[in-house]
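Down below are the structures I want you to see.
Next, two complexes with chain A in common: one pairs it with chain B, the other with chain C.
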Partner chain A sequence: MTVIELLRHDLRLQMRRPGEWAALVLFFIAIILLVPFTVGPEPELLRRLAPGLIWLATLLMSLLALDRLFVDDARDGTLDLILLSPLPLPLIVAVRLAAQTAMMLLALMLVVLPAILMLGMNVIVLPVLALGFMLGIPVLVLLGGIMSAVTISLRRHPAMLTLLLIPFYIPALIFAVAACDAVASGVSPLPHLLLLAAMLALLLPTAPFVIAAALRNGQG
Partner chain B sequence: MSFTSRFANPGKFLWLAERLMPWFAGASLLAFGVGLTLTLFHSPVDYQQGETVRIMYVHVPAAWLGLMIYAAMVVVACVGLIMRHTLADIFCTAAAPVGALFVALCLITGSIWGHPTWGAWWVWDARLTSVLVLFLIYCGVIVLRRSFDDHASGFRSSAILILVGGVNIPIVHFSVNWWNTLHQPSGLLRLSGSTVDVHMLRPLLVMALAYVFFAAFLVLMRMKTEILKRRIEAALLLDEDNGPLM
Partner chain C sequence: MTFQVENLACRRGMRMVFRNISFSLRSGEVLLFTGPNGSGKSSLLRVLAGLLPPQQGDIRWNGQAIDMADHRSRLHYLGHYDAVKPELTVAEMLDYWRVLQSGSEALSPVFGLEELKKASIRYLSAGQKRRLALARLVVKQAPLWLLDEPLTSLDQAGQELLKDLVRQHRTAGGMAIIATHHGMDLPGAQQLSFAGVSA
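Then we have the complex of A and B:
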């Protein structure tokens, strides 16, 4: 199996379960929908909070999507076969992460526009929000992959994965939202985006190896 | 056989730990006695902070210990992954709650100091946030390690988490310089020399010594308990009649 075939296989698997992604998309919309009822429908307040709320909903959605990375495969035995593959495990992991990132970005493309309209977000923030997604979603997926692999052999409580991930999600969230806020108040968002890019640059080459080691430890 | 490998044997380590523990406890009590006297009666009042400066003597060493224990866990987790000493697992299991305790102490005393000084129990400053993240990582390590029944795979999983979380340590240390938010930068660890007055530095260093001995004592005691607990587990498994499954 070559890498291209592997990627096509992973993407096809994701595409063939559209119901689950539809549920995630609706979950995102549901969170945004609840906001005006929790903080009040004041347009000025919603406009100011919009980037942070969109990122919060994204983070929760990515937590819910995590089981699709390795846990479903561990449950039905596919993971044991993947571990036996002659291809290097970090490569398989990297392809899997890329497919998950692509699907997350696709789902976000669908929901971000309604969310912006519902919250009345300032349109000049949109390019920075999109750039933040391009840099931030891979970070969320890579971190999620690490924690999901570390807990793979456990009969887990969903709260545990959240506890493990939240401290690592916090920096990504800070920089992504700070970039949006900077643009909204007329300052350059570049420093925050660069820090987010630095996180990605740190994780991208290391995470697949860490995840591969954790998966072997969990199933071995 | 090198020194480290010899005491990597749990039995030998237990022998050493039992001899060191009373000394550490005694040294800690002595240093706490001297340190608290200096802190409460023989240290000057800060010209800006007034009497609340005395909270600093319990706050700063707690923060140091919280960071140092995590740094030690990173090194030991690394060694444990490579050399596969069981003692590495026992250290990380035993030290994580102690580290979490010191970070919690740091957050609580900082909060008590912040209320009169900054006018708020909590602010979302870079230093405070990164220390809170450190506390959450400690909690994650503890919860993850405890949910494994198998020691070998439990150690490797939590060691991976410890190593990934190690990224936060330099962030905590440099947060006061990188983000110029509310928390004041360190006055002690500077290339240009300490900016802390010697009358304040002396009680601070004595208190730090007391904390170090106290932490060493706690970690050794918890390691001893962990070793004995595992011996009991192993004995129960061997003796089928008293097996835990009965």
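Then we have the complex of A and C:
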């Protein structure tokens, strides 16, 4: 019951910020829209680059979205209440990450189809791209959660989060895009997807505890 | 119930915020911290809540060194910030706090917030937000209240309500530690004044 109520609160809070999500969605679309102007409009080139570009836009969007994961709560005093709650902190954290993942997947559902049309992506890649999102977005959120908890005491340096996150995002990005490229060139995408799944399997049980510890000790 | 603090010291960054703080509270007692801005009242309350680690010293409950998980469940901490979300309504905010604090009873908002239950917190005044934050104190029974400048933004009636609340809490055997630079007339309260410890 508690989990459902916490989840409902986190989702409700996100739903009440439509402006922020609209900004993220437009940011994603803007990146895709600008690509033909920078690399040229040849359809074959865009088709080949499509999965990579979509993942790049996703990653940049998630950097912006994850920036506020715990910072708002730290600023308005809610984090103190969360730390003092008798509920297990990793549970509260896990619920927060789940809500964030759900919101990001929802936002991506809105923008991915227009992006695919704009870039003329091969349709046979779509299932693998979707599967990649299912596995990859939680990975981005879990890594982002760790970094945003670690940097909570460095609130005045928002650039730190981006700098710290990018090296950890690279493996996820490589596997997710390689899976799409594999299926486009007629090879099995399975090894890449499994490696992505392995990253998720490693992070899923550990990240909430790491984040909880970072939040508790970041109060100096 | 007793709450005892011995030789507590706290350092933030390079600066010693306070040291050699000792006091002892029993059921029904209130301790007022007074002192100028920056003298360490807030830091001390955060240490007492377990939100900041002390540099040295002991915190004891009934003579035993505190266990953090138990300690958290027996205290209410009201900090500088109201911890309210402008996106939510008053009722939704209270509901979230009830879940966070594992309070069982569905909470009826107090402090003249009854008519504002469905109002968005975005449109509340600073004083109304403070009243809402004070409503946290009744979400769950907790023997130890740690209040940081609770009078801020409250009007006369609000201040009276708060004093009433503290009075009831004391009658029920609770204890309260209140940091304030206004001074609060609570009969029989102990005083601990902070001169500001220089490092």
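Note that in this section the second predicted complex is superposed on the first by the 217 of 220 C-alpha atoms of A that agree within 3 Å, B and C clash if a C-alpha of one lies under 4 Å from a C-alpha of the other, contacts with A are read in each partner's own complex, and residues count from 1 in each chain.
Throughout what follows, contacts are C-beta pairs under 8 Å (C-beta built on N, C-alpha and C of every residue); 3 or more make two chains touch, one makes a residue touch a chain.
As the structure is a prediction and not an experimental result, all values here were calculated from the model.
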Partner chain in contact with A:170 - chain B first, chain C second, else both or neither: first
Chain B versus chain C as contact partner of A:5, first or second or both or neither: second
Which superposed partner A:154 touches (first chain B, second chain C, both, neither): first
Chain B and chain C contact sites that coincide on chain A, given as residue numbers: 220
Chain B-touching residues of chain A, taken from the complex the two chains share: 146-147, 150-151, 153-154, 156, 160, 163-164, 166-168, 170-171, 174, 202, 210, 213-214, 217-218, 220
Sites on chain B touched by chain A in the complex: 129, 133-134, 136-137, 139-140, 143-144, 147-148, 153, 156-158, 160-161, 164-165, 167-168, 171
Interfacial residue positions of chain A with respect to chain C in the complex: 2, 5-6, 9, 12-13, 16-17, 75-78, 80-87, 92, 219-220
Sites on chain C touched by chain A in the complex: 12, 46, 49-52, 69, 72-73, 75, 77, 79-85, 87-88, 92, 95-97, 99-102, 136
